[in-house]
Amino acid sequence: MTVRVAVIGCGVMGADHARVIANETPNAVLQLVCDPDKARMQDVADACGALHGLTDAAAVAGRADVDAVLIASPDATHADLALDAIHHRKPSLVEKPLAPSPSDILPLLSKENDLGHRLISVGFMRRYDPSYRAMRLAVSEERIGAPLVFHSVHRNVAVPEWFDGPMAITNSASHDLDIARFLLGVEMVQVSAIATRTQAQHSTCPPVMLTLVSEAGQIVTIEVHVAAQYGYDVRGELVGTTGTVELTEPRHMVTNSALNRSGAYAPDWRPRFAEAYRLQNAAWVAGVIAGQPDPVAASAWDGYVCGKIAETAVAALRSGTCHPVALMDAASIYKAK
Amino acid sequence: MTVRVAVIGCGVMGADHARVIANETPNAVLQLVCDPDKARMQDVADACGALHGLTDAAAVAGRADVDAVLIASPDATHADLALDAIHHRKPSLVEKPLAPSPSDILPLLSKENDLGHRLISVGFMRRYDPSYRAMRLAVSEERIGAPLVFHSVHRNVAVPEWFDGPMAITNSASHDLDIARFLLGVEMVQVSAIATRTQAQHSTCPPVMLTLVSEAGQIVTIEVHVAAQYGYDVRGELVGTTGTVELTEPRHMVTNSALNRSGAYAPDWRPRFAEAYRLQNAAWVAGVIAGQPDPVAASAWDGYVCGKIAETAVAALRSGTCHPVALMDAASIYKAK
Amino acid sequence: MTVRVAVIGCGVMGADHARVIANETPNAVLQLVCDPDKARMQDVADACGALHGLTDAAAVAGRADVDAVLIASPDATHADLALDAIHHRKPSLVEKPLAPSPSDILPLLSKENDLGHRLISVGFMRRYDPSYRAMRLAVSEERIGAPLVFHSVHRNVAVPEWFDGPMAITNSASHDLDIARFLLGVEMVQVSAIATRTQAQHSTCPPVMLTLVSEAGQIVTIEVHVAAQYGYDVRGELVGTTGTVELTEPRHMVTNSALNRSGAYAPDWRPRFAEAYRLQNAAWVAGVIAGQPDPVAASAWDGYVCGKIAETAVAALRSGTCHPVALMDAASIYKAK
Amino acid sequence: MTVRVAVIGCGVMGADHARVIANETPNAVLQLVCDPDKARMQDVADACGALHGLTDAAAVAGRADVDAVLIASPDATHADLALDAIHHRKPSLVEKPLAPSPSDILPLLSKENDLGHRLISVGFMRRYDPSYRAMRLAVSEERIGAPLVFHSVHRNVAVPEWFDGPMAITNSASHDLDIARFLLGVEMVQVSAIATRTQAQHSTCPPVMLTLVSEAGQIVTIEVHVAAQYGYDVRGELVGTTGTVELTEPRHMVTNSALNRSGAYAPDWRPRFAEAYRLQNAAWVAGVIAGQPDPVAASAWDGYVCGKIAETAVAALRSGTCHPVALMDAASIYKAK
């Protein structure tokens, strides 16, 4: 069976997804790409050999020649498009965040629960990164004892002037929040946040430190530094009672030159997580064929929880105090997971 | 277009190729698997969802439902099966060595030359490994000046008792010979070889050192140590006039435990070169669709040259002196490359 | 000139200091060692070739044949012995903490201020570690822009059962507090602290996370994990506006064996900081000869400040809230520094 | 006891030795420095606080106020000065090579043998480098099984125009030859050599590859590349039957900046081997006090052997064939070692 995939959104993320679906995903065909900007849409369609091109996202999910929808449009449109896909009983893979505000995710949870099964996957692709997979395996094989602390560092080269600390939490740190939950297998119950306030950085977004406590009493620290300048750099270490595991940078070459031994950083997340995106999309397509989402994939519930923790972290950053994370009860279909 | 691939040989290599074609190669379908051992064949067919299973390799290339043949049968059968594929005008990807003796490759060269185009690719998959690709790019971008020396280290965990130094050269070091040529872009003109002769290793194959000189006066050193015990480990460094580039081990995780900081070695080549095999097979399938072999792939000529150098190195190991590498003239279709 | 050094205390630290003074410190002679436990004292005296051995610490500083006193006795005795050394106008190098409680340090500050110059150095030896020195130089050479965040990780193999979170802060994290101040060149104004509360670790001291804010608005994070089991491991990264610097583990060898590539961790701090101790003691002796303390060395004031921050961090750990660090005004002799 | 050391030669090496003796060597005093260039001599004397300064090297060893002589004058003068030191029964530490030609070392061997004990140590300081010491310990503790192969890489940034391949062997690779013998504990019996002959490097000294065979049948490879441009870089790996050990670069800091993660190379050998020189000189002084050379130090015999292997390697480089190493029989005092 071949899955006919529609990719909605032809920006940076959408174009990359279209390319991955077209060239690197077994058993998938890039049925159509869609973007209100026709020129941009056509460029991606041509580059990836999409069979069709549309400008109206509302017309996608209902098409008979589309089996599954990959939503990479602007954040504010995610929830409605995912709802539309559910309406047509089409599985969707939605870029994070599932919605700008966690409250906007509630209708999706309710709809899936009514339906009795999950159709939405959220693009927390780190779950497919071989390093995190190896770390998770190390935990389950008890190679580091019981997990105590998870440290995550998330650095981007640069952000626009208007990007601020709260956005760094909701848009960037959400990946770290999800992977912390994925690795530890428990929820977060408390969060505090602090940003640097030095003169040096006036025109850029300051680094933010989040400190979270899990329901099992573990600590998670996240440094999210979106204007780190030196390179795209993601680090993680899981500290257990008897040892630790750390992810490595997937670097293929070292250069000795000009009195330095050096390895390159990517300027953005795409090279770093290229394999994660490829594996995520392949697992998603395999799940579509199998009739149920890949168990590793983040669900709409995961999207809601990460949104809620991020929202709480922003409040904690503003108040300067520690905040409890208040989640609603998970509907039964999410508990089964 | 979808390429219907037949995989001949269901041993370790064939089973892995069948899996890659079935699960990781876009635009390919695993049309059939073939092995004289019916049980083994059926296992691979079932595991990979092959549409058909055969026990007679001679019946494969001629089938109308087969577009391309992947030959991973015993070494001695490679050349005949490749010839059969040429006879039926089917592209083939042949595991190395293309033939146990380089003289057995001459008919293939002659046949392809008569035909006027290449149909055979040889499975020197390192050419697709991201580390070697990055090294090659570094050379073409002149980041290390002009190449002077290439060091290659090739270590396996263990080999059977009957494996000896000459076999280490012909069966293992051939990868290093090909990648040296690929990186430097020139031929080797001279080779010497020496093996350790210590008491310690009586029951295992000793490490062998090859020293080659290229037609451009560069030096290539290869340590091939097939009973290294500690892990599967391949290293490479290209030394240029202004700097060097080294490949790294693609390791996803570091573990801190029991007074050690450590990274795991794979027990064999499959995890180390998993991505190379995947990319090689995808490029091969793309070449079948395009109607001409991927330019990166090793040709029958490359298979002949590596066989010839290896044969010369074995003679040098036996004589203890330096031997010139005597290649026949390349037919025109191989010069075009 | 040769400095005649008396080492007070013949426990683990004292014995090591005696060895360093006797064998690795130019222009120093190990004049005497002192410990109330005569057998232990005699062992160290013999092992290091001390000229004299005493059991009464009160008799040391006043001796005419002692030029300088190295105090490595139990923590509770440090302040009195340092006071005694001041009384006899002898320079002292005092192991940290200078006193168990910062209030006990006030008389020392007052005494030195009355005297008009500093006699006490505190053994925050990390200031002499080549890695931290290189990091500090990188800051002053503006290789990472303006410092924003300092991350410190401090892990020991094990501690006795009665060692708890507050002790981890006062006895272990004090090194991290001092080095953070040394690298950033500013004081800390605020601290919060949190420890894990998992079931897994009941019988060992849990990891503690400190988050501090400097008067310049920078953030310092310290993980102090004294029962990390896997090895003695100290890490540090200084994040600036344009890049970061990280200290490395000073490891001399890598071993490839048994499917692992590994580097050893020391079981305790002595091998890791052997060079720091050697350089610290040499600089201290050079300062004695020069008549004024080495400018890199921590002063009694630094000892007081680190004690005060640690005390505040313990209170923050207990309250679960963020605490301001309330320092007294520095006397003029400490401002000059 | 304090050893009064005279340093002969105030060039780069001599100045460094004078500094180490004056500032970093316990139980030593820099009694005098000597150089025919008076200004240069005075500079070093002043910088290091030497008690005396001389211009006539012949007058040094006989002085009553000199206990031991460190010879760092031009290579051609080493043997005569060492002979003079023997004449006055003074221990000497002689920079390598002990003489430009191994035949010039024969009188020294004969003299020491007549005397019945060794007075000369040769400055093969790598024997004191912590990495090589750790490798040697790993061998004796049988952590890698029986040694089979030793790989050494020796790269300098640059050499003068007139420096050629033979000089790279005699002046630079002699360190690698000595350390190979030190690690393996056996002599070399055979050597071949080859240099690159590419157009790219016309004005610089080409990399030279040496391949040696030990009397135990082990293989030693040495790449000596004195115009490597990118940095001073020394590598070593000892391959045993069950694993390998590799020395690491003693790097204190990593910098993340400008899309690179990098560690610095030193421009020359002094930072890389600073600790080796310090430990060597301290052990030499301790040996002077003890009345017999430190057992780790290279003897005049070691100096002769390394000279002889280098001489043979130069002949092999010229002939393009493999040469046997023909050593004289060691006198009895060298066998005892």
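Read from first to last, the chains carry the letters A, B, C and D; within each, the first residue is number 1.
Quick note on the criterion: a residue touches a chain if its C-beta (ideal position, glycine included) is under 8 Å from a C-beta of that chain, and two chains touch if they have at least 3 such contacts.
None of these values were measured; they are calculated from a predicted model.
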{"item": "Mutual neighbours - chains that touch chain B and chain D alike", "value": "A, C"}
{"item": "Topological distance between chain A and chain C, in contact steps", "value": "1"}
{"item": "Greatest separation from chain D - chain, by CA centre", "value": "A"}
{"item": "Gap in Å, rounded to a whole number, between the CA centres of chain B and chain A", "value": "37"}
{"item": "Distance between the centres, which are taken as Cα means, of chain C and chain B, whole angstrom", "value": "56"}
{"item": "Contacts with 2+ other chains: residues of chain A", "value": "230, 242-244, 256-258, 263"}
{"item": "Residue ranges of chain C touching chain B (in the complex, touch as defined)", "value": "230-231, 233, 249, 256-267"}
{"item": "Chain C residues within the chain A interface of the complex", "value": "145-149, 151, 192, 194-201, 204, 206-207, 209, 211, 213, 216-219, 221, 223, 225, 228-230, 239, 241-244, 320-322"}
{"item": "Residues of chain D that touch chain C when the two form their complex", "value": "23-26, 28, 130-131, 133-135, 138, 143-144, 242-248, 250-258, 263, 275, 282"}
